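Naming follows writing order (A, B and C), and every chain is counted from residue 1.
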Amino acid sequence: MIKIENLHKRFGKNQVLKGVDLDISEGGIFAILGPNGSGKTTLIKCILGMVIPDKGEMLIESKSIRKSWKYRQQIDYLPQIANFPPNLTVSELIRMIKDLRNKPAEEELLIKSFQLEPFLDKKLSSLSGGTKQKVNLLLTLMFDSPLIILDEPTSGLDPIALLHLKELIQKEKTNGKTILVTSHIMSFVEEMADEIVFLLEGKVYFKGDISTLKEKTQKESFELAIANVLKENNA
Amino acid sequence: MFLARNLLCILFFSVVVPLRGQVIEVCSSCKAKTIKKGIALASELDTVLVKKGIYKEYNLVIDKPLTLIGENYPTVDGERKGEIIKVKSDNVTVDGLFIINVGTSYTEDYAAVRVIKSKNFLIQNLVLEKLFFGIYLEKSRDGRVFHNKIIGDAIEEYNSGNGIQLWYSHNVVVENNIITHVRDGIYLEFANDCTIKSNISSDNLRYGLHFMFSNDDLYQDNLFENNGAGVAVMFSKRIKMYKNTFKENWGTASYGLLLKEINDAEIRGNIFKENTVGISIEGSNRIVYEKNNFIKNGWAIKVRGACYTNTYVNNNFLYNSFDISYNSKLNDNTFDQNYWSGYTGYDLNKDGIGDVPYRPVKLFSYIVNRTPETIILMRSLFIDIIDFSEKVSPVFTPDNLLDNYPLMKKHL
Amino acid sequence: MLKILKYSFYDLIRSRWSYVYLLFYLLLGFVLLFLNNDLSKAVITLMNVIIILVPLIGTIFGVMYYYNSKEFTELLLAQPIKRSSIFIGQYLGVALSLSMSLIIGLGLPFVFYGLFQSNTIWEFSLLLITGTFLTLIFTALAFNIALYNQNKIKGFSYAILLWLFLAVIYDGLFLMSLIIFESYPLDKFSIGATLFNPIDLSRILILLKLDISALMGYTGAVFQKFFGTNQGVVLAIVALLIWVFLPTYNIHRKSKKKDF
């Protein structure tokens, strides 16, 4: 599905990605982890074409994505911070994104499960953070694309919405989609991820499933395993 | 006015009276086949009636009081051989002819009609084309030039002549003429007590109207448009200029009205519109400017020094790029109760007069005088800022040049 | 691109700021006409306002819109849309909504006071055309500044500086150099220097209409040709078009390379 070779990116003096090699197969949930500043978001943005890498090759479904934009039709992306044009109402925003992507979407079900009906005619500037995040999720998940990228999907969600989110992600997985997630909530990652990609100092430190990581670090819990990795590398 | 009407009556009789004489007809089948022959056949106070046709004649001398009148505009074609009609007698009327092809010479000023040392003449209803000089009045007086149309084809100043020229001629009325494309529309040299009225002088190479060494003349209700320069009044005294319109006289040395060495003139009720310079003044004293409208000129008034005791009262200065330009720091002229569209003051006691004096000379006009290219910066914010600072504390412009009683509303 | 333009425009014409802007012009127009009751005088005053204020508002609005819609831009960037379309679309959205406020805000009072019956209609249209040009140019310049500066404060400062430079300082330097080198022929230099400042260009365009009689008083042959024939108007408009095109092209170019 995604193949990344020797990816480099530098922001000024700061070398963020120092040769990332990554191969993500089709289907399943992949969690991208790493300490702050390890390059998670940069990596995701590279995949999305928002950040242009200095060196390296990226292929999605065996096609290079350099200087291309049509491949993004295959991706649903949930940005970290949800901030929308303040003068639009929720339903206008939904209509607008549908219009921009020019693709069929199923928003009805999502509106119901996130209980967004009362907010449809409200302006986005008047919504609370959590509601905005729900709208954000709705906008991402209403399309049917083979690759879904979620940047911190859990932030600001109440427990019920979180539950819905988990269900939705599982459902997409069973539909055979590839899902990339970043999150700081380890329990969420442990519960959801089939495989984790651990980034450290701009490189892939570990890629594999959680049990392999536990074995490697000889720790009982996933959280401790991660902490152990960080400690060993003085990060 | 009464005098003018009297004059009209006299002129009227001078036209009618000769009609009591015999009428000599000139046509291809008449006894007199040429105008020359017709004039020769006529005796004093007769009328020579020229029928429609083309007469290739020049040097026609009228040396006795008679009326030469054309019927349906017969053409007199001079074939560029010289002067066409010469009037050498008092009480002559020339009327209703179409005169073309006056000779051009560098030594003699050939004219379509020349009046020499005569009185009580009337030159009217002529159409002149392809001319050198049009109507030339030489040492003549008490005559009238009325309702003629003079259409020149002048291209260069040095080989073209003037439309109507008065030389040592006094008490002449020039009225209702249309003059275009000659050197000077109307030119007065040593001509006193003349009236120039309701003429249209446009598209002339040099001046619409030009005074030299002429005193006590009046010109009013004329239109001067798109000439090299509108009107030049030079070395003359007591000229009255009333209700004329000076329009679109554009060019580097162009102006609506030029005053040079003029004293005691009156300039009232004129309109100066869209000229590069409305009035350009040099060495002129004791002149009254009253109730004139200066509209959208580059410079409404450009003073080039040595001008004393002039008064500017009740004029409207509307949207000129510069109101007044002044090249010295000394001011002896009075500005009082004018309306200035650039005035931004207030009138708290509502007496119609602004409470803050208006300073018509801007620093920028001083800068432009010095470095003309800076004109490209006109209306720039930077210029507004330096103009403002000069207004607050004058350094370069005369600090007593101000209108202490600027009007709040246009003077009607 | 048209879709982005549509949404940016739609977003903007419903924002408070466009109403403030529109109201400002409406008020300005009515107050000017009420105080003067004279179209030609109002046109001259407006000219001063337009030449200074339109660039200022264009720059500030452009920078503000760019920074305020940053996250939304990121959302758009993840959509299957060409990058340059996003920015050009947003730019045009801002510029057009500003131009529309200008045209409606000033147009209404003047139409109300009998613009169509007066002979100032050409001056007025020229004023609006110039205003639109300035909006297009300065919004584009603002977008450029914002694209090159992540830091909002820095971006705002540069935008204000740019405006201050082009509106005031440039002319000051221009005037000084003309006075210092007054003994040299300066025709070409002064026309050239004008072309490098869109505010000066617009000013010249309006001068050609309002002050042609004064401009004809200058003796230089180059000036005569520039001001006296249609050459001046044509050249000024071409230069303004280039001024619109270059920054817009740079938005296109820069937006392709930039990381978000």
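Rule of thumb we're sticking to: contacts are C-beta pairs under 8 Å (C-beta built on N, C-alpha and C of every residue); 3 or more make two chains touch, one makes a residue touch a chain.
Here the structure is a predicted model, which means the values were calculated and not measured.
Engineer: Name, by label, each chain that touches both members of the pair chain A and chain B.
Structural biologist: C
Engineer: Look at all chain centres (mean of CA atoms) and spot the one farthest from the centre of chain B.
Structural biologist: Greatest centre separation from chain B goes to chain A.
Engineer: If you tally contacts for every chain pair, which pair is highest?
Structural biologist: B-C
Engineer: Can you identify the chain nearest the overall CA centroid, using each chain's own CA centroid?
Structural biologist: C
Engineer: Can you give the whole-Å distance between the Cα centres of chain A and chain B?
Structural biologist: Chain A and chain B have C-alpha centres separated by 88 Å.
Engineer: Could you tell me the distance, in whole angstrom, between the mean C-alpha positions of chain B and chain C?
Structural biologist: Chain centres of chain B and chain C, defined by C-alpha means, are spaced 46 Å apart.
Engineer: Show which residues of chain B lie in contact with chain C when the two form their complex.
Structural biologist: 248, 250-252, 254, 274-277, 296-299, 318-319, 321-322, 341, 367, 370-385
Engineer: Which bits of chain A are touching chain C when the two form their complex?
Structural biologist: Contact set of chain A toward chain C: 9, 11, 45, 48-52, 69-73, 75, 77, 79, 81-88, 96-97, 99-101, 139.
Engineer: Where on chain C is chain A touching in the complex?
Structural biologist: Contacts found on chain C: 3-4, 7, 11-12, 14-15, 69-72, 74-83, 257-260.
Engineer: Which residues of chain C touch chain B once you look at their complex with the stated criterion?
Structural biologist: So the residues of chain C in touch with chain B come to 40-41, 44, 47-48, 51-52, 167-169, 171-172, 174-175, 178-179, 182, 186-187, 189-191, 194, 200, 203-204, 206-207, 210-220, 223-224.
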